[in-house]
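Below, chain A partners chain B and then partners chain C, in two separate complexes.
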Partner chain A sequence: MRGRPLLHTAYVSDQALLNTMTKKVVVGLFVVILALIPFGVVPGIGFLADADWLRLLATVCIFAIGGLGLNILTGLAGQISLGHAFFMGLGAYTAAWLGSSPGAVVGLGLPIWIWLPAAGIVAALVGVAVGPTAVRVRGLYLAFVTLGLVFVGEYLFRRLVTVTGGSQSGRTFPSFEVRLWKEEEPLISFVADGPWFGFDLTAEAKTFYFLLVLTVLFVVLAKNLQRTRVGRAFQSIRDRDIAAEIMGVEEGRYKLIAFGISSFYAGVAGALFASFVGRMIPEVWSLFLSVQFIAIVLIGGAGVVSGTLLGAAFVTILPRLVQDFTAWLSDYVQTGEGLFVWLADIFISTGVGDWGLVNTQAGVAPGLSVAQLNQVLYGLLIIAFLIFEPLGLYGIWLRIRNYWKGWPFTY
Partner chain B sequence: MTTLLERQTPAASVGYPTAPALVRDWAQRMPDRVAMREKDFGIWQEITWSENWESILDAAHGLLAVGVRPGDRVSIHSEDRPEWVILDLATVAVRAITVGLYPTNPAAEVEYLLSDSGSAIHLVEDQEQADKVMEVIDRLPGLRMIIHVEPRGFRQWDGDDRFIFWDDFLELGRSHRAADPGAVERVMAEAMPDDVITLVYTSGTTGPPKGAMLTNSNFSFCVDQVVNSEGRMGQSTMLRKARGPNPDDIILTYLPLCHVAERIFSTWTSVACGVTLNFAESIETVQTNLREIQPTIFFSVPRIWEKIHATIAIKGRDGTFFKRLWFALGMRIAAVIGAQRVANDGDHTVVSRILHAIGYPLVFRALKERIGMRRVRFAATGAAPIAPEVIRDLIGIGIPLYELYGMTENSAVATANRPGRNKVGTVGEPYQGIGFRIDPDTGEIQTKHAGVFKGYWNKPDKTAEAFTEDGWLKTGDVGVWVDGTHVKIIDRIKDIIVTSGGKNVSPSEIENSLKTSPYVKEAMVIGDGRNYLTALIAIELDVVGDWATRHGIPYTTYRDLTEKPEVIELIQSVVNRTNEKFARVENIRKFRLIPKELDHEDGELTATQKLKRNAMSRMFGDLIESMYRS
Partner chain C sequence: MTFVVLGQTTPSDTSALSTVLVEGLSLGTIYALLAVGFVIIFKSTQVLNFAHGALAALGAFLVSASATTLDIPGRWIPNAPAWVTWAGAVVIAMVFMALIGAVVERVFLRPMVGEELFAVAIITLGIDIVVRTITNDFIGQFPRPMGDPLGIAVLDLGWVRIAHTTVLQVAVALVAVGGIALFFRSRMGIAMRATAFDQETARAQGINVGRVFSLAWAIGAGLAAIAGLFASLYPRRASGVDQASAFLAFKAFPAIIIGGLDSVVGAIVGGLIVGFAEAAATIFLGQSVLGSGFPGIVPYLLMLVVLVVRPFGLFGTEEIRRV
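Here is the complex of A and B:
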């Protein structure tokens, strides 16, 4: 019925992903804006068309896919995992083994339509194999089991030099090129400049588009999962596993499924990440990477797809902003004057003899490096969000929305 | 104005335009439009006009198959649901008589109603209603068959061939229809204007309920007057022609269908005008269902309007600081609009139009959306007296609310307020061309028209009592003329209090004023033959409980709450405010809070939630006497 958004006469409308006109319009506009970014024509955010910003946005897409995976496991099914980096590494090395051309390290030179899904599938299989432990332990114990996984993984990756290239040089990974089989010229290349449908696009723009399409695909899958029988089973286990079992939800089975799906996402994200960076050493797949993904899920909002996207953007772009800000600040301290310079000078150290919290010239003066400052900020943000807004960035939005939803009442 | 009869000239083969015949017309004219919606498993399942008509035919054939003859009684004991309407119309189609029971009727009343009406076929909704009839079935020799709509809980009666499941009943009808396809339509064609189509049992505030017989011609007259007469639901302007109820309109059905008011505003309006009916899940979910459905035509009883009125006030005060401020501003605007429109016969003035243009985007639009009244183009109240303040405030936020007056015995055709001629505090003007008079001696309202009922079922003496010697229906209500055109109801004749000082007092006016407070659920003013007036007051548990919690007053039960001095003080302030509005002799000197929640099953209320004054006086005699002891 027109003009009656709450009157549902079929489950299709009741369960629609974009159930209101406003949502349809906003999401549509958002996708259009994203698609226009590489052209630099969107007023206000034209600078995003720069190569380094496009690379950053591509990273956001990869981290969003990985974050969605952890969100399904932690946010939706309630199973804490510190092992996300391990599954990403598995995906990356599966992709490398299958996709790279043979050389100093193993490689079969298969095309992307094999190695990308395979990365996910191998990770998923290992995830399902690990899953049974999660059925036996929960909470803090599960965190420790998965923590162990990361260390075991890191050790293996370091030792399996024929696959990973070892800590010294690492190895290269296959690039974003679509081939039918092993022919010389790729059918489509996302890593070379050139015209597409009459538009002259840079390699960065093409990579961005490739990852954007994949991200949209995985977002739709994750959104859809939430409203299926499996998704509802996950949520019931998260909210109370014993009650879920009493209602007939097979806890063990669904935990396995959760680990499987989550690991699939992680494997694909790992393969994309490695391939995007090009060359990597095994130490990348460490606890720190896992923590970054936990930060994405928690800062964005556990259990919410759009929250994970916000979290991925936030965690990826924050270092860049901090870097730009400290650079600008250090400039300002040297050239400007007044009270604010004096305050800024306390914060920043610009050279020998200058004491400050942050050091822009590493090794010359005491203080945190910009990278260290970023880590401190993550930590502080996770603490702050857990205390003040457990639902994350999405929770802030939720509050604003509910304020207007109840208008003119409060409830 | 074309009446129902003129619109559909009855060809000899088609017969009288009875309610089921009208459904047949809609099914031919717009087979795929939605006739009914019912919420089931979380979504609103739709029934089209053609499906509706097919079900009615199947059910009617089913009735023929089990041997129902013209004039037999078919009783229905169920909450509102499509099966109610389908069986009702199927019964009329085979010229039998529908008897509706309130879902709250206890077993003893079920026995009375079924034996008084001599019902042959009985429909129960679920096991709860089945238990009631099974308790008394030995004393109901005429009852041949019980149809149940819900399948659950009936295993205990497996093999009892008096029971039949609704789907099986329709299947029975289908096989009868296959054997004799035109049987129902042949019976329909024989329908006479004088055929009784339903017994509507009066609520019985005094004696046992009496079954008022309404006929086909009562139905036609009522539809033409109450629902479909010109200018009924809006005024034509230069820009827009006012439309009567039509297939674009949407109604929420939630009051008991056995009551004449809901029958008129749901079933009859729907079949006469093609309006879509939506069945609320239950009385508890009405608020939610209203928001979902956003009806365009909404009839309710004062109890519900008072509740909506109170909800707005309470929720509006219970917000964050900014929202409270904003809301108070909106209500200030609404108060001015309400006062302006009430003074202008319900029409907008220049001032109110400007204020509405300001207030609508700020508050009213969202507010009406929240209470489910955003799309209401015609709202009505009736069946009991209402306080004018409630109407005024609701008109203020833009709900076009009109008070109507009528009773079962005259098919609810008596007086109505109309758009542009709405005098708040009156029940409106008599319908055009009907016999309507106020007896100069007693002040009693009397009517005489084609909507007046045929009589009480099997009670010729009671029927005779209901009419004057010259054949006018005695309504039992005292009324006076206002400005020579509108009628104001004073009270029921038998309820008017004569104090020992000889002063006549209308208790309902005082009671309604008390009930405008959200804290007061029911009030009964006492004082017949006494020195002064007193009142028994029942508090609204939710609201007073919430108030007590906020003021840090701990309580355990309803009774405990009514005994808290703070609560008594709170109600005293409500009484004081009412007293200020009335003359000295009409002031309530003392009151007592009723220590229990009033209930239909305990005999304090009728099925329509009206107070049974005699029963109340008997049950709470001690409380009453305690107020007159010096």
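Here is the complex of A and C:
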């Protein structure tokens, strides 16, 4: 079927994950570029090979996995959840309990191939256990049940000091090292510099590869879920729950499955996040983290896997860009000259007595700090996307794609 | 100071029960004020307002700013007694908050009329982040005094001690609720009830639905300002409004759910229930193995129990669906 990429003559080719040649080529190229990033050889984005950018990209991977989980629950099955942070915390502390070596806080010192899946499974089990309450209440009331979950969870995490280390010091989490059992030397370590297959790689690069492979795995799983019986059941519940039940979709059962799968993703993401950061206090798993994931799903585009990936990248990298931009602007105001300096000076305040919207030296002058500016931007972006582009970044991409699909014609 | 400070009584103390009553009333009226505003907004505009706590904190900050830093209206009437200028500052802050509420509705929520409830609720989450961050930046690192003339004065009735602020708070709450009850009988109030019942039909009857929306947000934000004000006074806060004030409303949400999302009476009852439960938990369980954080989640545990038994709250309208 050369030249007619949208003509499918077989069900298999129609339902394929990458159903056109273009998609295959582009996705393949994208994965190759991602794999080459740590070497800094890709023209234009060589700076991504810096250690701090690699860490940022690793965070993108973790948030993408968590975001995919919320996307399955909210985007695919249409259930509101503010409780994502709670399930992430559950996963993180399961991982810590099983994977950390014993010390001031409990730890069993088990290898990664036990604690990582266990983090997901425990979170999923708890998700299914609290599910009956969540299935009984509908719509807006569900938002409040999951909100309650976050607060009760935060209390429990703070209270169970033997597991979580408490609010004062927090606890450490197991690192990305593969062992067969509890031996001293790890079989593969993703957190130590050293050569791999003849390439000399830093710890950041190895962590990035590890998380990238996991992300690709979870993306394929999530993408595949959409075309299974379960995925179609989710979408029918989202679109019209009563109609779905008339067609024989057991609403309660599939909502439970959605909660389970979503919590599994959240648990794994939580374990990865905690062990990536290394040490964490229980207050991390708060409502704000949940809202961040809602932002990822909504800014990316609800119900679309590629949208969630875009959203995760956007939400994670935005603070860094804002930070760089304000630092550059502050520098420019102080050293540059011309009309634009005057304009920029309205926006930024650089010292005592200088008024501005943003303040690069927190506490010295009035204005929002850079962290606060980031929060305000999150809020405004959530609002703006919901009002102007409910399909999110994916919707924007869709319009660009459709424009070029028909180019030079407009239809 | 001889006032019984929270959590320092022993369960065997005979005054513990009366303390629970006073504390519960004080907490409960704050939650009820927040919940009533929330429910009025939800019923008349179909918007679930997660930004309510941020609005309350902003209101408290405005009171603080106009009563102390800016000294409005005190600077224009230099010889007036302190309580007059303070009351003036509170009224000015309330009017400002009502305006802010109406503006927020007009700018961010009017474009979303008729959209899915969930999408609109998430927008208010975004508004919450924006308003809360900016308010916290205004407040700064340290608590801001409210400039109230009542201070920490206490009314001693023998069997119980009530802070003057609590007396004022209950009185204001009663006036507010009475005022709302009267308002619902007025022409505009009937228009609001009609809009709550069915927006399209109300519009077909010649009701200016847009104006009802603005008014509902103005009332809700004004009530939030009062709640935020009293939540920042003694005995709730020692030294005024601080950065944690915005999280207050997260304990009012369980009150709303317990009462039922769309019932004003339910909001008041729910608010009082949550207030008394939290006060009782603080005084009887504050020192127990459950830890000092436990009373803070009592509202949520209560909410979960109520939702399991009655999925639409105590007074909420049951949504009937059969397959």
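Here, the second predicted complex is superposed on the first by the 392 of 411 C-alpha atoms of A that agree within 3 Å, B and C clash if a C-alpha of one lies under 4 Å from a C-alpha of the other, contacts with A are read in each partner's own complex, and residues count from 1 in each chain.
Assume a residue touches a chain if its C-beta (ideal position, glycine included) is under 8 Å from a C-beta of that chain, and two chains touch if they have at least 3 such contacts.
All figures in this text were calculated on a predicted structure; none of them were measured in a lab.
Once chain A of one complex is fitted onto chain A of the other, the partner contacts of A:D50 are absent, as it touches neither chain B nor chain C. In the superposed model, A:D14 makes contact with chain B only, not with chain C. Between chain B and chain C, C contacts the larger number of chain A residues. When the shared chain is aligned, chain C comes close enough to touch A:V152, but chain B does not.
Shared-chain residue A:T410: touches chain B; no touch with chain C. By the touch criterion defined above, A:R4 reaches chain B but does not reach chain C.
Within the superposed three-chain model, A:R136 lies in touch with chain C and out of touch with chain B [touch as defined at top].
In the superposed model, A:I294 lies in contact with chain C only, and not with chain B. Contacts of A:D324 after superposition on the shared chain: neither chain B nor chain C is touched. By the touch rule above, chain A contacts chain C in their complex via residues 80, 133, 136-141, 143-145, 147-148, 151-152, 155, 158-159, 242, 245-246, 287, 291, 294, 298, 363, 367-369, 372, 375-376, 378-383, 386-387, 390. Contacts from chain A toward chain B in the complex involve residues 1, 3-4, 6-11, 14, 403, 407-411.
Residue ranges of chain B in contact with chain A, taken from their complex: 37, 42-46, 250, 291-294, 315-316, 318-320, 323, 326-327, 330, 363, 366-367, 370, 375.
Residue ranges on chain C touching chain A, taken from their complex, read 48, 108, 111-112, 117-119, 121-123, 125-130, 133-134, 136-137, 141, 250, 253-254, 256-257, 261, 290-291, 293-294, 296-297, 300-301, 303-304, 307-308, 311-312, 319, 321, 323.
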